[in-house]
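Read through the structures below before going on.
First chain A sits with chain B, and in the next complex the same chain sits with chain C.
Moving on to the complex of A and B:
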């Protein structure tokens, strides 16, 4: 059934408005990152300005952002790999043995406000001399990404028929072997989905790193605040820093859109 | 979506000549697989939560290592009678969550319905919708901080074109909270769109067709066919978004800094508890606030899931 022409026109107008309101602010941020502070203060130069790389030079050279980019990459990567190693077998077991209550334990991590855990964490990890190291950051980010992996992968394993393992067992594989050689290879799309989402959430995480990192282990979301002074804000530098943090993750999402969407909506339609 | 009911078939592991430990590992795989992840999460939750519960009964402050005295329910009494910071923070948390959620659900539903049926260019609209969602919240806060700047921001320029005077936005004592709600709606409406769109796509066409043949109008079909069928998905969306909205921290901290601004304009429970813990080191009181906050979250979730079960009956 074709929708009526009037509706089609309305749809085009409405969705154009939606797309513009979602993208314009982001484009404005990126544009400002190529302006001098003088141009940012001048409304006449809103769209016609001579682009400068000065802000990026400041961000990458003076503000040491290369180091923070490496920190963010390392923490997000390590937290994602560790979450997959712990989360894949757990999700498999919880799916196959229908361990609803156990799954709830892991999913509790999504509900609890992070602040309520941070004081005890800070105390324990500073006694272990771990605060300011990468270990504690990776552990705290795993607290976000592990439940994500378990949640997404439980749904994925639910959708794989049990006959697959049974065929493997008939062929002489052990249960563990069937998981490793039959189920895991078939789960690559699910693993990609949960891995990408876990990386994004770790990359974007702010509060844990705010408390648990120090000057050398800072991740990008914390480093953004270097451009916010008490008296004044370096808008050009701030927008360049914000773009450096956000643009890579938006590009990733652009290329693996399908996985990101299926991860974000995992389990939503099961009711 | 297909759900597979798992029926366990007891079967010895692999070939008969497997070594004993391999068999043991296979027989105990249920817990060997699940335990590490569960132990990891439990270790990071149970002990800290118990400790937060204990701290809430003490006058701990200054340093976590400092001596503290057991004061019973004194903190709870103090906090629950505190009309200067605590109750306003509860009010702001409730306002923020309810208003943001309301806009996100209504707008999200409208956009999802527009995207429901395939059309040319739909792919690009979906890409645009994904962008705010994956953007780093702190950077999003900074971006809007520039746009809403009263002197140089784009927002007041645009208002100027249509003849409306400049607004204080984030800088105003009464406009700061609505402005942060706007930012939250901008960033998270796409989440609701994606979830509802997944729900809509999984609906079968038959009830729609039947209603059309019976002569139901577009609105009637939405109200009496689509909406009831979509209720479970809608509840999931509200639950997920609601929990995250209650816990919002990043954009509030990025736009207004410590304490939710100099007049605590956007100080929600989460921001208040963070300030008590890490700016003022009032561990006893902050733990009390956190325990109460946690109870509020559990209560809200319980109310929503109870409604959901009722709806399913």
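Moving on to the complex of A and C:
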């Protein structure tokens, strides 16, 4: 049955509205990154302006952004991988052995506001002489991404039928072997989802990096604030830097999304 | 049973050693820190500011002279504040020299003993502490002891548009607040698209720029005995004047959430004739890369109210030494150099107003400023008031309280009633803080 024309019109209008309102700030940011500071404030030049590459030149050459990008990538990547290595077995055992209380403890870590941990963390890590290094950034980001991984994967493992592992055990696998050879390959979509969420969190995290990083380990969200001065704000540079921060994560998300979908359709228990 | 216990122990030993290995591995990739103790490296935390850029450029000269190494961490003002609150609270010795805002957080830092007492250091002869202006020094003194050295000063001035004044038939910028009101109305009548007057409107942001109006009407946030005074007759008039001016001659549908970036944008886009703001922002108005009206901007001294022209004259930034620093003598060497007459002169030549009188009286020291700005600054430093916000520990909270009547006046509510409410709240705040 074909949908009624009125419904189709409504659908187009509603979709356009949602898409425009979601994309407008993003488009404004990208447009502003090609404008001079005078033009950014001029509503008359919202759409028609003579583009400049000056802001990007500033971001990539003067402001040393390549280094901050490498820092951010490394911290986000390491925190995500470490969270997956620790989180996947943890989630698996919590799901299979019904460890409700342990799961609750892990969740507590997400409930505590991160800002309340900054002072104790700083104290502990500065006594360990770790402040300013990558290690402390990776550990602090894991504090948030590990529970994320555990919770997403617990739900995912719950949905996988136990019969699959039992079949593996009957064929002579150990529990760990079954986890590694049977469960993990089936969990790729879940791993991708929790991995990308953990990566995005780490990439965007500002608070932990602000206090625990130093000039050499500064990550992108902290570096962006270099464009905000006491008596001057370089909006063009700020917008170009924000675009540089946003683009990689959008590309990664698009790429992994495809992967997630293909993982979903290639399920093992069809029929 | 025994078997099982062994098993547990073995596992826990394995777990512990794994944790140790991980921790060691991670700390190994942490930035090693300086090996030579606290001696040769001075760690300096600075705000994003033109001053900081200048210091960074001049730094090699200092490093060569002294053989010290200076490590600079640079952050935006709020991020800087957050970082101090975490690091200094934890008693960190990672910071030796700190750039801070004496009026915004100076009292808090001094009360929490984050700032080292500099009484002994400032006696240095060649450096000449007596050369610093009295107002700014007062703001960096806590309980009679100097805890900071002012580096950048700030006064409130009146920015105006020469072309719009000429069009409205005005030959000179207004000298009094009454004239300002009339002139703003005149411009708005002559050019309906252009606001006669613009200024900060955000509850907290506006407080500092409103303070000069308050003083010029004869008021202050607190009276000489430390009691809340924001409902005095003078204060009520000042609130009504400031709010009324923006309501009647300000931009149409004005937002009550504007800080300097928004208000300055209206001015630099050519949409307002008068604008009262800190002189430290003048480059935003006169730089053609940021302002459409750069060639038409004039600067005048703050207009006189019933008790004369009383703009604030404050140190917006100062340098202090972290009291937990293990490197105070080298930290002081850095401060001594960065606030020396030569450095202050060099800073001032690049447009950063300093706190040393000798540099202001030196013609070279004012050569780079527009002529009218120098005159406006000279007038402000003469009669200026040494604070631009309530002198309390919890400044942010106090600003919210005393700023509310500004917003109420702009939106056309009864300013006097709002001032009474604010005064009661402010008195309670002061009582709480005194406990």
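Methods note: the second predicted complex is superposed on the first by the 235 of 271 C-alpha atoms of A that agree within 3 Å, B and C clash if a C-alpha of one lies under 4 Å from a C-alpha of the other, contacts with A are read in each partner's own complex, and residues count from 1 in each chain.
Definition applied: a contact is a pair of C-beta atoms (placed from the backbone, for glycine too) under 8 Å apart; a residue touches a chain by one contact, two chains touch by 3 or more.
Computed from a predicted structure; not experimentally measured.
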Exercise for the section: Based on the superposed arrangement around chain A, label chain B with chain C as either clash or fit. Expected result: clash
Practice task
Based on the superposed arrangement, let me know which partner A:211 touches: chain B (first), chain C (second), both, or neither?
Solution key: both
Exercise for the section: Considering only the touch criterion stated at the top, classify A:138 as touching first (chain B), second (chain C), both, or neither. Expected result: second
Problem - Touch count on chain A, higher of chain B and chain C - result: B
Exercise for the section: Return first, second, both or neither, reflecting whether A:185 touches chain B, chain C, both chains, or no partner chain. Expected result: neither
Exercise for the section: Mind working out whether A:5 is in touch with chain B, chain C, both or neither, as first, second, both or neither? Expected result: neither
Practice task
Kindly classify A:118 by the partners it touches after superposition: chain B alone (first), chain C alone (second), both, or neither?
Solution key: both
Practice task
Name the contact category of A:36: first (chain B only), second (chain C only), both, or neither.
Solution key: second
Problem - Common ground on chain A, meaning residues reached by chain C in one complex and by chain B in the other - result: 41, 118-120, 122-123, 139, 210-211, 228, 233
Exercise for the section: Mind listing the chain A positions that touch chain B in their complex? Expected result: 3, 8, 11, 14-15, 18-19, 21-23, 25-26, 28-29, 32, 40-41, 43, 46, 86-87, 89-90, 92-99, 102, 105-106, 108-124, 139, 142-143, 146-147, 150, 155, 158-162, 166, 169, 172-177, 179, 200, 203-204, 206-207, 210-211, 220-221, 224, 228, 233, 235, 238-239, 241-243, 245-246, 249-250, 252-254, 257, 260-261, 264-265, 267-271
Practice task
Enumerate the contact residues on chain C facing chain A in the complex.
Solution key: 23, 25-31, 33, 47-50, 71-77, 79, 82-83, 86-87, 89-92, 94, 261, 265, 268-269, 278, 280-281, 283-284, 288-292, 316-317
Practice task
Spell out the part of chain B that touches chain A in their complex, as residue ranges.
Solution key: 1-4, 6-9, 11, 13-15, 18, 22, 25-26, 29-34, 36-38, 40-42, 44-45, 47-49, 51-52, 55, 64-65, 111, 114-115, 117, 119, 124-140, 142-147, 152, 154, 157, 186, 190-191, 194-195, 197-199, 202, 232-233, 236-237, 240, 243, 246-247, 249-250, 253-254, 257, 270, 273-274, 277-278, 283, 286-287, 290-291, 293-294, 297-298, 301, 312
Fill in the blank from the handout: The answer for chain A against chain C in the complex is residues 36-38, 41-42, 118-120, 122-123, 126, 128-136, 138-139, 210-211, 214-217, 222, 225-226, 228-233
